[in-house]
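Following are the structures in question.
After this come two complexes, each holding chain A, first together with chain B and then together with chain C.
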Partner chain A sequence: LSRIGDELYLEPTESGLSLRAVNSSRSGFASFLFAPLFFQLYEPGSAGPETELFRCKVHMKSFLGIFRSLPSLEKSVGKCLILLKPRASRLVLQLHCKYGVTKTHNLAFQECERLQAVFDTQSCASRLCAPARVLAEAVVHFPPTLAEVTLGTGPGGKISLRNYVEDEAEPSKTMVTELWLAEDEFQSVAVAPGSHITFCLKEFRGLLSFAEASNLPLTIHFDEPGRPVIFTLDDTVLEVHLVLATLSDLQSNSQSPSTNGVSHLPAPPDDFADDLESYMVAMETSEGGSERPPSPTFPLRTPRPAESKAEEEEEEGAVPGTPPHKKFRSLFFGSVMTPGRPGLATTQEVLAEDSEGE
Partner chain B sequence: MRFRAKIVDLACLNHFSRIINTIAKLAKTCILRLTVCKLYFILSDKVANGGASMWCELSQGNFFDEFQMEGVAAEHNEIYLELVPENLSRALKTSQSAKAVKIKLTNKHCPCLRVAVELPSLSSSSRIVTHDIPVGVIPRRMWNDFREPSVPDFDVSIYLPVLKTMKSVVERMKNLSNFIVIEANLSGEMNLKIETDLVSVTTHFKDLGNPPWEDGCQSSAQGRDLESMAEACIDIKKLQQLLAGQQVNPTKALCNIVHRRIVHFILLHEEVSLQYFIPAIA
Partner chain C sequence: MPFSAQPPASGERYALSASLDNARHLSSLLRAVHFQDHATCLATASGLRVTVEDAKCIQANAFIQAEIFQEFSVQEESVMFRISLSVLLDCLTIFGTSSLPGTSTALRMCYQGYGYPLMLFLEEGGVVTVCKINTQEPDELLDFDFCSTKVVNKIILQSEGLREAFAELDMTSEVLQITMSPDKPYFRLSTFGNAGSAHLDYPRDSDLMEAFHCNQTQTNRYKISLLKPSTKALALSCKVSIRTDAQGFLSLQYMIRNEDGQICFVEYYCCPDENITEAEL
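Entry: the complex of A and B
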């Protein structure tokens, strides 16, 4: 979760404790739901007719600091108690260790709204399921600093992973790495032929390490470019979701994965290359209304909300004080350079507002 | 112009990868020259490289199970490519358990060296990873820029100390100074010296031995006083990069010093030879 965001959202529910995080550009969301059976004792508290179960968020670093050294924790800690004390404004983590030692950590928390990305694995056209090890072995061929990767389907039912080369990078100078996995390396494959999606590899790696460590198979649900990709892990007591925005790219539909070469996108005309603003204006005015949501974030609601509502969301969505994450730029602004793409300037929909929306 | 090669043996692949790693540490961009029998990695002494130059030569037969090359023309049966060795190093890094590695020169969208790695997998078909490394083709009229440098008229030639020791000394010295003086004489003595406003440090090496060269080469060195030191002040970072890139102890390691002009390092392994020239700072 810390690979996604800086704040840890804790949400006790009837079906278990949910830990969640979202990244600063609202393009990545993860949740871990621990069923009551995971715990020795689970009391989510009581929700009245007017009140909901208490939720809060804490600083990720503070929380992680308590569990800093796993090997020594495993040796010395017998039990861990997590207690939410709303009136004292503290989240209490108590580690009951050997020799009668008890370490109590009191973390300050902030109340928050429910953090929930809207997504639906059932509506995804394609689904892949593989042991985490296979995916980890695939991902190792890409440099650790690589930002985005394209997952695609190819001839013979093979699945490919290729590093995504940004439009701004010179195609003749960038190394392109492509890996092909046979269908039988996966536990299940149900994909729309010729489909591709491009997503952030860094955030995915975090989930992949977790999956490998827990030896769980990973399922990837995806649809068209631009619609979010959903990674899930399932266990009897744990349900994990990682939702990432994907690059919305009109050209990628026609791109064939077996083609050699780097960027298949025609370069924007030279006189526009330096002048992003006029280029964006030109794109916006030349493109009519498009059915596809213009921004790579996943829509918070179905495509036709009331116009005023969309604007309101946009204002709240501009998270004050958070500078756009570098990756955000590559997912959003970088793709603007592609000709034929509708401009994304105005409706920047976010998946979760963090102020009192309604 | 065609090039195709294949490595099947893991030991050869490993060895080849190590050589590429060494090259990648020495040069951001370099020339790969392909001939029927040999591969050369060349860095010419342009100002951009800080004047350092490199010549690395290996026999393809020692590494490749298959090697086919057709140069630009029949009477010039060679290919010169400009590439970033770090890309090649990365492509080979994760191929260490490969069943086979094929390298091919392709030109689909732009000239590339395509490294295709066949990896074992639990499924019926192998996993294939391809890395397309962009390269620049050097036209024949520029080939003269990349000729083998001749051994300079050196004043002193001496075997280097154990590289690991030399490396750790130089690495520590690098923290104190940007330049290092290498001096040596024909009695097998070498000193590495740095001097700053605050401190000067000298490390002395003895009994290193001086390589016997044929008479023709030693013109400057003939009749030279055995105790007299020839020295050159060079960029310490270049020396450190050279030493850091050596992952295996060479069979022979020596350097030739032209007093206050240039230091010529020669590192010989069984299947590969590396020469590196570092000019003296004026």
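Entry: the complex of A and C
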């Protein structure tokens, strides 16, 4: 979560404790939902008809500082107690360590509005599921500083990963890395052919490390370029979602095959190793001529009380025909998808304000 | 300035002369008190005491008793001088700081007296290095007037339990607050930093607690920047005794076992922070 944002949102719910983060440009959101069974004891407090369950946010660094050294934590800490004390304005974290030693941290918190991204995995055209290890081994080939990566589907069910190169970059000075994964490396592949998406690798890496460490398979839900990509991890007591905005593909309507270097490369034939040289030549000749559109933001809807019920479940976020969600779609696409013209000015307009309370 | 590379014959009269087969027995202890550039050395028949002070609030002493040395002789009742501790440590570790098993640096130390430099002869694997370090007039040392009869609260803990706590102290807090009490929380270390407050509680019946003699509830605050260097001594030690007197002066005594199993002591004395207020919850 710290790879996404600087603040940690804690939201106790009836279905568990949700820890969330959002990045500063509102183009990345992650949530970890720990079911009550994950805990030895889970008391979210009581919510009346007028009051909601108390939630707050704390500085990520302050929170992480308590769990600084994982190896020593594993050796010495028996259990951890988390108490939210609204009246004292303190989030209390108490670690019960060996030898009877108790470490109590009283963190200052800020009240906050509900942090919720609107997305719907059901409405995504493509879905991939792979063991985290497969993706981790693929991603290791890209430099740690790489900002964005493009995931694409090719013929024969192959999946490609390529580093995203800005179109202004000089072809002779950039290195392009592309790798292909066969369908059998994945646990399941249900993708729309010829689709691709470009998203922020740095934010994804954080989730990938977590998935690897917990040995959980990672599912990637994606759709058209510009629509968010959703990464999910599922376990009996944990549900993880990472939602990232993707670059929209402005030239998808244009005729010129070479204006967007990403979508028109031929997939390598099956005896790809032998044809490596001819493939490399093909890559070098494609050029990017379009202006890179700004990374689209997607709005975070803060539900008004009347609508809160409809948006409670993350999975059922997009019900066709419901006014709030149609609005979401047009807000999301309206600012960037103007056919034939490059993206809007780089000033990022905020598409949805936080409601008052901050 | 030419000088002989041979160590002086033992017939010559030196105010202080000492030999040590393994210089690490000295250097590791000196590192535990190395938070200022200069130190005052006092040599008596019982051994060597190296004192470092800061801000007129904190004093650290490293004791290396005569028995640790292979040879230790002091001609007068006591010999005292001020020296650069940084330079002394650099010389003692001139052959490197990594401790390969079986190799050690042998040391011979000679001091002719007032105004003379401290001479060090260091040998490892047949290579000899001679060092001459200038000495200065010793400073007046602080006297905390801390004696066992004035101790109000005393506990002895196994260092293992405190090491991590000290290494991870919230340095955004200006003070380290120490509470010692016959009642709960018994022994508590607290910090008040930017993120909030943190308390570390040690119960009196903990396995780490070797001795618990608290008669009165006392809460005192000490500048954390002054106490932080004591982490080095804590890391080397196996046990630590924590004592406070009626004025809130703090005494930390660390028992250190060297490579040969010999015992040495390092102690830290600290004044309480002047802006004392009631403990924050």
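Heads up, the rule we're going with is that the second predicted complex is superposed on the first by the 256 of 358 C-alpha atoms of A that agree within 3 Å, B and C clash if a C-alpha of one lies under 4 Å from a C-alpha of the other, contacts with A are read in each partner's own complex, and residues count from 1 in each chain.
The rule is short, and it goes like this: a residue touches a chain if its C-beta (ideal position, glycine included) is under 8 Å from a C-beta of that chain, and two chains touch if they have at least 3 such contacts.
Fair warning: this is a prediction, and the values are worked out from it, not measured in the lab.
On the superposed chain A, the positions of chain B and chain C stay apart, so the two partners fit side by side.
Of the two partner chains placed by the overlay, neither chain B nor chain C lies in contact with A:Q122. In the superposition on chain A, A:T104 contacts chain C only, with no contact to chain B.
Contact with chain B, but none with chain C, is seen for A:E185 once the two complexes are overlaid on the shared chain. Of the two partner chains placed by superposition, only chain B is touched by A:T177; chain C is not. After overlaying the two complexes on the shared chain, residue contacts for A:Q40 are found with neither chain B nor chain C.
Residue contacts after overlaying the shared chain place A:T145 against neither chain B nor chain C.
For the pair chain B and chain C, the least inter-chain C-alpha distance in the overlaid model is 13 Å.
Within chain A, not a single residue is touched by chain B in the first complex and by chain C in the second.
Within the complex formed with chain B, the chain A residues making contact are 137-138, 140-141, 143, 171-182, 184-185, 259-262.
Residues 161, 164-165, 168, 170, 194-203, 205-208 of chain C touch chain A in their complex.
By the touch criterion given at the top, residues 84, 87, 90-91, 94, 106, 108-110, 112, 114, 121-125, 127-134 of chain B touch chain A in their complex.
Contact residues of chain A toward chain C in the complex are 59, 61-62, 65, 68-69, 72, 76, 90, 99-108.
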